[in-house]
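Next come two complexes, and both contain chain A; in the first it sits with chain B, in the second with chain C.
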Partner chain A sequence: MLIEIAQFLTILSTGLFFLNFLFAFFFDSSDRHMASLVSKVYTHSSLLLATSFFIYVWLAVSDNFSVLYIAQHSNSNLPTFYKITSIWSAHEGSMFLWILFLVLWGALFNFVTQNSQDLKVKSMGVISIIIVGFLLFLLLTSNPFETILPIAPVNGADINPVLQDPALAIHPPFLYMGYIGFVIAFAHAIAFMVEGNPSIKWESLVRTWSIAAWVFLTIGITLGSWWAYYELGWGGYWFWDPVENVALMPWLAATAFIHSLSVSSKSSSLRIWTILLSIIVFSLSLFGAFIVRSGIIDSVHSFANDPERGLYLLTFIGILIIGSMTLFSSRFSMLSSGSVIKTFSKESFISINNIFFGVLVFSTMLGILYPLIYESIYEQKISVGAPFYNAIFVPMAVLACIFLFFSIGAKWQRKLVISSFVNSISISVLISVFLVLLAYKLLSIHGTWELISIFAGSIIIVRYLFVIWDYLSNKKYSNPFSVIAHIGLGILMISISLNNELSTERALNIKINQSDTYQGYQIKLTDLKLVKQPNHDSIQAVFLVTDPIGNNFYLKPEKRKYFARGQITTETDIHVTLLKDIYITIGDQLKDGSWIVNIQFNYFIRWIWFSAIMMGFAGVMLIVSLNKAR
Partner chain B sequence: MKFILRTFVIILPVALISFFYIYINDNDYYPGADYRNYDIPQFELTELYSKTNISNEDLEGTYLINVWASWCITCRVEHGFLAKLSNQNIPIIGINYKDEREDAIKWINKFGDPYKLIIHDYKGSLALDMGVTGAPETFLISDGEVLVNYRGEVNNMIWQDVFIPVITKYELFK
Partner chain C sequence: MKAIRQKRLITVFVILIFSGLGSFLIFKALDSNLDFFFTPSELIEQTIPENKRIKIGGMVLEGSVIRDKTNITFQITDYKHSIAVNFDGVVPDLFKEGSGVVALGYLDNGIVYAEQILAKHDENYMPPGMDIEK
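For the complex of A and B:
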């Protein structure tokens, strides 16, 4: 009964959202009563959908295995927490969550803004029709409410073991919040172009929303990277997996977008860029959903499914993207500000930045498309991997850093006078050259691009330290968010380079109570235990590791066998130090009784995530300050 | 310049969407379907009920191999369609995948047996050699050669779109 109620509420809310779209677009949106009607209808339809989702959560928690999806992805032995997260462990449920977030972003926006705010009614209309598109997709092609009646199974098939992990439980929600959060900016861009009144400052209306979405996306990607590192046992932080790439593209475009926004919300220059980028960011988010859910690309993330889904999504996002681009093209002259951007002004540097990000997005897209095009022409499968992306990303990132370096201190609408920064620029370069030489001599880093990247990262950090110094001693204002985020970028450049050059790994064969040494570390296999858990058995190996100074610590990697699906997983164990992770996994037992033990020293990997968190943190601070100023 | 930009922003997404449209509508594209041909691997396992040995020699002619398990919920959903195929005199060999013998037999007793025989693959070794990623998975095999493989639930739509074209092409089940 509950299942039918939930499904009915979803269908009902679909109808109401569609009605809302009609109200917003085909009636006079400047009418006060109409505006309040749109707002109220939206609130009610989102309540219906949220209720439906909460019923669904309840169905999962109460082990209602007559729901096909819950039977396929949950199990009565799971802790309640994983019963809930099992909802987004596969296609139908995660699509439901995606829609819930879409609805919630709109609801939050609806709740905190006045009905009289410019563009609000039309933006709500755009959001509503996007919700309708996704709800129809859910109900027609991927219905999470489908039942197995009359005989429901006694128990469910269990969530995939690698997904039984706290990081994964929150990684998809963060990502979805990020992807779909850009709907507010997109809806406003569309509403702005439809209204056709260039005096409306749409940019300042969406700034907080867009930065919030960007923060979610940044943290979501970082969580995914961290999860793949320790749970999948991949031992690295980024793999250019197609689905990582479809998350990276909106992130790159969004980064360009929020930079552009900061320009356009002050003066109306770069407006064309900002509008275009807002469409591109959202389109890339939708494109990501299409790539992942159509099963076009083989990846750890892909959901096995039928082509109807791909076709539906493609048609839907095709209409949205081509429609908004056509609108953009027809409003081109309205959007051109006519103001000329001065060379070496802050705006000019941000435009250059946009071009860099554009190239990176385009190259990533090419990396995804190339195997598909190749396959349709030569009927052979190939894959594009790290060498391609490194060849493009590394030089582009270095160049972008150098432009950023020279842009520090640039002013809005005024030409930057480099001569006033000669001291800090030259000292930053000198210090960085010195650091590079140190890296070369002491850490024996010999890769050309690694050295160049260290240089690029360090000039930014040192230059910003000057800015901070200037602020502390002369009270010279600087934008603290930009300082923190960009120092994060500098740390990212350096830690990626060091990680790439210094990290090592080795497979050892160790028998019980025997030891082996690797890079001055003594590794002794002291014990093997069979640990019984409610839903899996595990073999736990206990290693006593002695570091070169003589400190001891234990590492306990596992191999698990999950009962429900018979799946075997390896669990890594990691000893974290300031500079490196000691990362250990166990493989199979050999005929002579020894175990294959894989040990990795991953340098500066924590710093990579730390730098991403710094960027996200800067975003959060910026949101707080924007709302205080209001 | 403006004109070029104005047309470019429309042409690029149209090209992209059309590419994917053609790609999806291409016959070869079916998520889960794999049309590569290869010989079924050598194996030596036991039959589920009788525990007698089975190897490649015991399989001949044209038949389907269906990988299933009692813990697999999708297999239950698929089961009804397999019964229909079996009624049309299409021989189906089951591979019981990573399952306890008793659980599997109980399951068959409850939901019916559309299989000509069932290979008990407790360790999943045969399935691994055949490239199985999970249950259910279905293979169409003729004279020891895999003609098409489908990962996921086979239903009427999949049967019509994925299997029937191959069956017609090789003139099987005549």
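For the complex of A and C:
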């Protein structure tokens, strides 16, 4: 009965959201009553949908295996937490969560803004029609409410063990919040173009929302990277997997977008570009959903292949893109500001930064799609791996850093006087050259691009330290968000280079009570334990590791066998230090009783995530300060 | 008016040159960094330069796995032809005889020296090009 109620509520809310779209677009939106009606209908339909989702959560928690999806992805032995997260462990449920978040962003926006705010009614209309598009997709092609009748199975098939992990439980929600959060900006851009009143400052209305979505996306990607590092046992933080790339593209475009927003919310220059970016960011987010859910690309992450879903999503995205681009070109003359960007002003530097981001997005897209194109032409399967992306990303990032370096201190609408910064610029360069020499001599970093990247990262950091010093000693104003986020970028450049060059790994072959040494570390296999858990058995290997100074610590990697699916997984164990991780996994046992053990030294990997957290933190600070200023 | 038009023309021209150059460089980077995917039968038909990174996909031939300390050799097969693979390190959990596998590495004297062994995180996974029923 509950299942039918939940499904009915979802259908009902679909109808109401569609009605809301009609209200917003085909009646007089300047009418106060109409505005209040749209707002109220939205609130009610979102309550219906949220109720439906909560019933669904309850169905999962109470082990209602007559729901096909829950029977396929949950299990009564799971802890309650994983019963809930099993909802977003596969296609139908995660799509439901995606829609819930889409509705929530709209509801939050609806809740905190006045009904009289410019563009609100039409934006709510755009959001409503997008919700309808996704709800129809859910109900028609991927119904999570489908039941197994008349007899439900006794137990469910269990969630994939590698997904039974706290980081992975929160990684998809963060990512979805990020992707779909850009709907607010997109809806406003559309509403702005439909209204056709150039005096409305749509950019400042969506700034907080877009930065919030960007923060979610940043943290979501970081969580995914961290999870893959410790759970998959490969020891890397980024694999250039197509599905990682479809998350990276909206992030890159969104980063360009929030930079452009800061320009166009102050003056109307870059307005065309900002509108275009808002459409691109949202389209790329939807494109990601298409890639993951159509099964068109072979990846670790992709859900099962289903052409029908792919076709629906492609049509939906196609309509959105063609519709918004048609609108865009028909309003082109209204959007052009006529104001000219001064060379060497802050705007000009941000425009250049947009070009870099554009190239990166284009190349990533090419890397994803090229195998498909190539195969259809030459009938030869190919894949595009890390070497291609490195060949593009590294030089682009270095160039972007150099432009950033020279732009520090630039003012809005005024020409930057480089001569007033000659001291700090030259000292930064000198210190960085010195640091690069140190890296070359002491750390034996010999890769050309690594050295160049370290240089690029360190000029930024040192230059910003001057800015901070100027602020502390002379009270000279600087934008703290920009300082923190860009120092994060500097740390990212340096730590990726060091990680790339210094990290090493080695497979060892150890018997119990024997030891082996690697890089001055002594590794002794002291014990093997069989550990019994409610849903899996595990073999735990206990290693006593002695570092070159003589400190001891234990590492306990595991091999697990999960009962429900019979799946075997590897659990890594990691000893974290400031500069490096000592990362250990066990492989198979050989006939003579010895074990294959893989040991990795992963340098500066924590710093990579730390830099991403710094960027996210800067975003949160900026949101807080924008709201205070209001 | 003429001056403005001329300026615009120059701008468009500059943009075209730069985007053309940029695309050329990107495609060049792309072309020199492709990993070609082969099944064992396709590999035997073609000659592949030794310094070209390739991917071989197929099934791990039953009874072909030989381990020596951390080193592992096995045959990848499509049940028509097989090719030997050598790898040093820990193979993935889902690596087993009779299961799908993809090796990424270099071909030398009829042996693939793999840098990476991939087995999918899905027990029903079949590598591309393997439409045969066992």
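Methods note: the second predicted complex is superposed on the first by the 629 of 630 C-alpha atoms of A that agree within 3 Å, B and C clash if a C-alpha of one lies under 4 Å from a C-alpha of the other, contacts with A are read in each partner's own complex, and residues count from 1 in each chain.
Going forward, a residue touches a chain if its C-beta (ideal position, glycine included) is under 8 Å from a C-beta of that chain, and two chains touch if they have at least 3 such contacts.
Just so it is clear, the structure is predicted and the values come from calculations on it, not from any experiment.
Looking at the shared chain after the overlay, A:A50 reaches neither chain B nor chain C. Contact with neither chain B nor chain C is seen for A:V620 once the two complexes are overlaid on the shared chain.
Shared-chain residue A:V162: touches chain C; no touch with chain B. Of the two partner chains, chain C is the only one touched by A:T569; chain B is not.
Once chain A of one complex is fitted onto chain A of the other, the partner contacts of A:S376 are limited to chain B, with no touch recorded for chain C. In the superposition on chain A, A:G310 makes contact with chain B only, not with chain C. In the superposed model, A:M396 lies in contact with neither chain B nor chain C. Overlap of the chain B and chain C interfaces on chain A comprises residues 565. On the side of chain A, the complex with chain C involves touching residues 160, 162, 232-233, 298, 300, 359, 362-363, 366-367, 370, 374, 380-385, 387-388, 391-392, 505, 507-509, 559, 565, 567-570, 585-588, 590-591, 594, 596-598.
Remark: chain A residues 68, 71-72, 148, 153, 156-158, 276, 283, 290, 294-296, 302, 304-307, 310-311, 314, 317-318, 321-322, 325-326, 328-329, 332, 336, 369, 372-373, 376, 379, 564-566 touch chain B in the complex. Here chain B touches chain A in the complex through residues 2, 5-7, 9-10, 13-14, 17, 19-26, 28-32, 69, 71-74, 76-77, 97-99, 124, 134, 151-152, 157-158, going by the rule given at the top. Considering their complex, residues 22, 26, 29-30, 33-38, 53, 55, 67, 69-70, 88-94, 104, 120-121, 123, 128-129 of chain C touch chain A.
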